[in-house]
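Have a look at the structure below before the remarks.
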Amino acid sequence: MTKITASDKKVRRYIKYESELDQTFIDKIGDAAYGEQLLSCIQCGTCSATCPISHYMDYTPRRIIAMVRAGFKEEVLNSNTIWLCASCYGCTVDCPREIKITDVMYALKREAILEGSNPRGFPIPILANKFFRQVRRHGRQNETRLLLTVYLLTNPLNLLKNARMAMRLYFKGRLSLFENGIKQKKSLRKLLKTLDRNQN
Amino acid sequence: MKYLYYPGCSLKSSGRAYEESLLAVFDALDIQLEEIDDWNCCGATSYMGVDEIKAFGLAARNIGLANRQKKTQDDEETHIIAPCSACYLVLLKTQKYLATHTDVRNSIQGGLSEIDLDLNSNIKIRHPLDVLVNDIGYQKIAERVQKPLKNVKVASYYGCQIIRPYQEFDKEYYPMTMDHLVTKLGGEAVDWPLKTRCCGGTLMGTMQDVGLQINYRLLKEAHRRNADVMITTCPLCQFNLECYQDKIMKSHNDSVEMPVIYFTQLMGMAFGLSDISLGLNRLLTPVSDIFQ
Amino acid sequence: MNTEINKTLQQPWKPRIVAFFCNWCTYTAADLAGVSRLKYAPSVLIIRLMCSGRVDPQFVLDAFAKGADGVLIGGCHFGDCHYIEGNHKMFRRYQMLKRMIVNMGIEPERLRLEWISASEGDKLKRVINDMNEKVQALGPLNLPGKFQEWDLEIQDMIDQNGDMPAAKEEHHV
Amino acid sequence: MSSTSKNGSVRIGYYVCHCGHNIAANVDVAIVAKEIEKLPGVVITREYKYMCSDPGQELIQEDIKELNLNRIVVASCSPLLHEQTFRNALTHGGLNPYFLQMVNIRENVSWVHTDRELATQKAIDLSRAAVRRVAIHKALETRQVSINPDVLVVGGGISGINAALTLANAGKKVYLVERDPTIGGHMAQFDKTFPTLDCAACILTPKMSDVKNHPNITLWTYSEVVEFSGFVGSFKAKIKHKPRYIIEDLCVGCLDCIDACVYKNPKYRDEFNVGLSKRKPIYIPFPQATPQVVVVDPENCIQVKRGKCKMTCVDVCDRNAFDFTQQETFEEIQVGSVILTTGFQTFNPEKTPYYGYGKYDNVYTSLEVERIVNSAGPTGGEVLMRDGQKPKKVGIVHCVGSRDDRTNKWCSRVCCMYSLKLASLIKEHTGAEVYNFYIDMRTPGKGYEEFYDKVLKEKVHFIRGRVAEVTDWAAEKEEEGKLIIRVEDTLVGAVRRIPVDMVVLSVGIEPQTDAHDVRRLFNISCSTEGFFTERHPKLAPVETAAEGIFIAGCCQGPKDIPDSVAQSGAAASQALALIDKGVMEMEPNTAYVLEEACSGCKSCISLCPYTAITFVEERKKAEINEALCKGCGTCVAACPSSAIMQNLFEDDEIYSEIEGLLSIPQL
Amino acid sequence: MSEKPKVGFYWCASCGGCEESVVDLAEDILMVLDNVDIVFWPVAMDFKKSDLEVMEDASIFATMINGAVRTSEQEEMARILRKKSKIIIAYGSCAHTGGVPSLANQFDREQILQYIYQDAPTVINEEKTRPQTTHRKNGHVVTLPQIRNVVRTLDQVIDVDYYLPGCPPTPKILKTALLALLEGNIPEKGTVLAPDIALCDECPRKESKPTEIKYTQFKRPHLTELDPDTCFLAQEVFCMGPATRGGCEALCVDGNMPCTGCFGPTSRVKDQGAKILSSICSAIDGLDERSVDRVLDTIPDPIGTFYRYALAGSLLRRKVPAKSSESE
């Protein structure tokens, strides 16, 4: 899976040595929210088959679970799968072993952000981050500004492509450009700070 | 019974029509809604992926606020109505998670105490659909209908997040509450297999190709089943399915045009409420002409 | 008393732990430990019962009152009980008994319940050694001594009056 | 308290064994003997090299006679090893064997300790406890119960049939009770059986008629056991016979009445064909039903329901076999042992709505398909769907309801194999493309993997993945009008959508819905799901915790026909062993209630795992049935008035042990 | 009238309820008075220690002492009475098994004094005054009895002949016992003068008790609407009846309150608390630690529940003090 630079670029090494794996990965992810059941996955693939997006993923949810178990940390954290997951909970409801796959995906997203290993040019972690800041500052999100920032940061072209729709929405009163924060911003920040502190 | 109302960010912007129609319908049924004072963002989906504890914290603050508001009013059992699917799920999930994970609950409660809020109380998180059919009842809704939706074929689209995995008011595989509601309004419920299939959520914004394809599938199937209109329970689903329709049709070179409205808008129409009060004017694909 | 015994008694203090083992699992495990010549601390004195469900909480308290420094109960694992679920019944009592003795000031390490199957001779050894170590660290419980000690405060009067209360016997009708 | 012999005083003999070097090397036996000699009641102490040897035992016997001993303590090895030996020695010496107490100073002392002094001290402590205890021992009698040789078999599937025949062939009287109108169970519904694909009817029907004709078997179909009591050797059962409205002995099975019924066309759900066809209110489950007697369905027969039918059926019967006045009748029998073979039911796929059963016409259960491929089935053996079409593509979904935390957690063990069988049969009948969707292929059995190999070579498709959904949502043109199976082909690593005409759900095996009632009736235990629990999963697989009650077949857990037959044979032989011995000996360690002390608080009643304790309404007191009590002592420990005592393990005996162990002053 | 047998009453650490119960004999008391001569009864008449001391040894036929023993004075009086009486009857739960006062055995004397004289929210005691055994004022010395560290049952201090259980004993059992003794009907020493069978036997709700109860919780009686006819245990309300000697005519149950155990255990039982624990906990609904603990959590005060009247007389007698406080 790791590329090697050979004279023929198409040749790849498809072997994994134990030293390249992270055997503690499963524990970390398992410890995160709801992940306890992970070990009982029977690789049945129901999650992948149910997932409305799996056919765009570089590894299906089932494979992600197998790779987490086996310690393929790098591949997992760099996969687009975890960012494509739309949190529809379809897999979670369908898994015969009651594995909370959606929550595993969340745990993996968090781990990826922590490790700084988000796939390049993938706007989702950025969106999440922006969102995070906006809420921290104002207590609420402003969809318009959020999207604007994300487009500007990732793919300004997209902004142009969607401009017509945006204008129509604006005239229908469905876009608001003004910040619409909460009153007790301080108390919210205090809460988040305390939680931060508690966590560390 | 009094309900506290948690609108969430979307209902104040892109989903404004949802709020307008919701309030109009509840008003028409004589149910008081009281907005939670100074609510904050629910900490939705994307937040969970960044920082779980804080996501729970954000949701918990809203529950704490509701708790405070409840206490000052002396209500016994308080229900929070959360119309947006994402908000509904996050609030419900937070409540259920904290109930079983004491360590996290203690930590969150610790944070809340610092700002004089308190989690402990029997607050219930409800979706308006649940409240309408279970508390108010089909009977009362049917009685309020003034303009039955004769010959209108409606595809009920529940989306994913209100139906699984935490709710308890409907079946997770074949939910039927909205379909029954449609018949009570005089319309015809279309049986279609995609009613709980995901709309892709924020993928439309972040990975548009994927989003367009997913939503195309939904519109296409509703078309194939001869639906006249699709109703949703979530501002994001509505946004994806309606506002991107042009693009969907262009990218798939297929005419799958279809009005997509909130179920509350449909109810309001059957109740004979005005277009403006239901926010119908905000639609990009107009709907009124199909109701003769 | 025999000099040999006196010598034993003069050795550094060793805990005395009364063990109630069920016939089918834990007692058999003790036999296995013996046959396998596993070595463990000699502090445990075993009383064989048919089932851990036979362990009356009174036995436990009585053992403490008579001078045990610890009480160990051994039974079959859940699902293995020879009498289906005697061990479950014992377990429920034990959970409460444990709370109770802690409330009465007896350290929780002095009462222990373990599921040891007939094949777990090594577990038996581990459990006994571990408990022995913990009780050793706690020191003697010595309730009979404590009862005497507590009664010292009324001793002066007794001496003065010259009559001791008769030892309390069970009252039978 | 202590009941002693002759002169009334306790005279204890104490014997400590060297066990060669085994004990003596680590325990100073001489000192032990010396210490114990000082205790009150001890008349003699002896040490000897091998107590269990004949001379050792004779030592005890002589002392009993010469020294008038009435209590014996032997300090040697584990009682689990030699208690019986020394009890016999007491008996031979003329003493009640239960005046013995053993001290285990080998397994519990010399073998496990190294410090000789401490080991010696421990041996003394243990011996002191035994001496104190034995002083209050009572004389007890070993219990014996005699075994009634008749056997009751409940459930007439292949397991029950086989058990009944085995016993009957051994000359024992058997009552076989089946609640349906015919015996045969599930096997009767199959066409072929894996792995040999031999015809089910060909191997089953001869056995069914053997049962009917065997002089030693009383066959009661359409009957149920409604009351059950007693204990091993002498059980009492009450059997209910449901009215068939036909006199069984008169009917010859000509079936003329069915033709003659006022209903011209069959109208009611045919249970035997799993609802795939209809029958009349008078019917026979299937042509080879045993007994070959028709039955009237009381729910639908006009005469039974309203008493106003023309009764054309009666007119045509020249045997005068009809009797519409029949009522439920009851019969009481006495047996010495019971074999339960009540079988299983298949998982109801309505609980897995994502597979579309009940929603899409062309989704079938495997049991339905068994009938469809059966040449005696509703379609005459042609594989036709509900719309009359022959399928061109068939998907077989494994593990429906099995291996799933939300439904049944276990693997049903036969569905992989029968799915292979059905794949092969469907392909043979229709030439259709057949897809098997499996999680793991489980073929552990003689010739099973070979069968898998055969089906693989028949070009049946195998996709490893659990099906997520069966839907009629067509994403592509080719899918329109079909059922689409969505699955991840986990070996290829891609999600696939496979359009088919017919879906077969390989539903799992689960306990009968009334399994809990049955277990309560017969007083055995079962898992929470309802499979009956064997006494030991490996070493006592057909026995139950209740003495004299055996289990076999699918009521114990999922299994196939070969295993059901093997197990029912084993159950029959266990029953035979019991009958052959004629009596059962039991340790006298039973509990008993001291009536004057019992307040009737009922705390004990439900605690007994064998329901040996009952509340006697007349006296408002608890009573223990000695024959059912196995001596666990749970109730003894739990009686809040200490009104329950237990032979061999009396409270006082244990208190004196505790006291004996601890009576050395502490430092 | 010196023919009549002499009878004495005395109280130790008690609430006075036992004395009250003697008075509650009402008209029956006259009958009793007809038959006996009360020579000592400080609560009702002016008797002093000195009066007692001058009596001849064994001159009193029977003395009934109620209350647990907590102070040096009580010990002294008990001993004197023992000497002066032929028969000593431990009267009431406190004398019999320790009673409610012996729940104090869960604490050290020091802990109790600290709370009562300093820490209790209603106490203002800036000088931190504590009761002293001797006090001098104006040249007079006043002595007070010493409070003991341990609360004791009567028979832990003196030899006791009979026991009359109850908190308080009912007039009926007192009367029956007295008359029996007076008639010379002398039972074996050590006998508890009440039926030797648990309360359920005479409980009017016995019929309604099912043979199987699986406890999923224990409800607090004051927070529960109690069905007046159904066995309390069947209502998941903790009842000591099964482990408590009967003879009280199920008074509490009649008042729609569960039995709390005042008559003490039956004769075969060594430890009332351990036995009720054993019987009730065996029937808890739960197969694993969590579910069992959840049920047990609904008994917030196990000692107070199982040993409300019997802590001093229980196998463990009192809380074992922690090492540090033991040394003082």
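General observations
As written, the chains take the letters A, B, C, D and E, and residue 1 is the first residue of each chain.
Heads up, the rule we're going with is that contacts are C-beta pairs under 8 Å (C-beta built on N, C-alpha and C of every residue); 3 or more make two chains touch, one makes a residue touch a chain.
Bear in mind that the values here come from a model prediction, so they are computed numbers and not experimental data.
Considering the contact criterion stated above, the chains in touch with subunit B and with subunit C alike are D. Annotation of subunit A and subunit B: jointly contacted by D, touch as defined at the top. Look at the CA centroids: the one farthest from the centroid of subunit A belongs to E.
If each chain is reduced to the centroid of its CA atoms, subunit A and subunit C end up 56 Å from each other.
One simple way to say how far apart two chains are is to compare their mean CA positions; for subunit A and subunit E this gives 68 Å. Chain centres here are Cα means. That of subunit D falls 52 Å from that of subunit E.
For subunit D, the set of residues that touch two or more other chains comprises 354, 607, 634, 637-638, 651, 655. Contact of a single residue of subunit E with at least two other chains is seen at positions 196, 269-270, 275, 278, 282-283.
The set of subunit C residues touching two or more other chains comprises 53, 56-58, 62, 89, 93.
Interface note: chains touch in the pairs A-B, A-D, B-D, C-D, C-E, D-E.
Those residues of subunit B lying in contact with subunit D across their complex are 171, 173-174, 192-194, 217, 221, 224.
Against subunit B, the residues of subunit A that register as touching in their complex are 32-34, 52-53, 56, 83-84, 86-90, 92-93, 105-107, 109-110, 113, 122-124, 127-129, 131-132, 135, 139-144, 147, 150, 158, 165, 168-169, 172-176, 180, 182-184, 187-188, 190-192, 194-196, 198-199.
On the subunit D side of its complex with subunit C, the touching residues are 28, 31, 34-35, 78-81, 104, 106-109, 111-115, 117-122, 124-126, 129, 525, 533, 545, 589, 607, 609, 630-634, 636-638, 646, 649, 651, 654-655, 657-659, 661-664, 666-667. Residue ranges of subunit B in contact with subunit A, taken from their complex: 9-10, 12-17, 38-41, 43, 45-54, 57-58, 61, 89, 97, 107-108, 110-112, 114-115, 160-161, 164-165, 172, 196-198, 200-203, 205-208, 210, 214, 243-244, 246-247, 281-284.
Contact residues on subunit E toward subunit D in their complex (touch as defined above): 196-201, 206, 209-214, 241-243, 246, 265-266, 268-270, 275-276, 278-280, 282-283.
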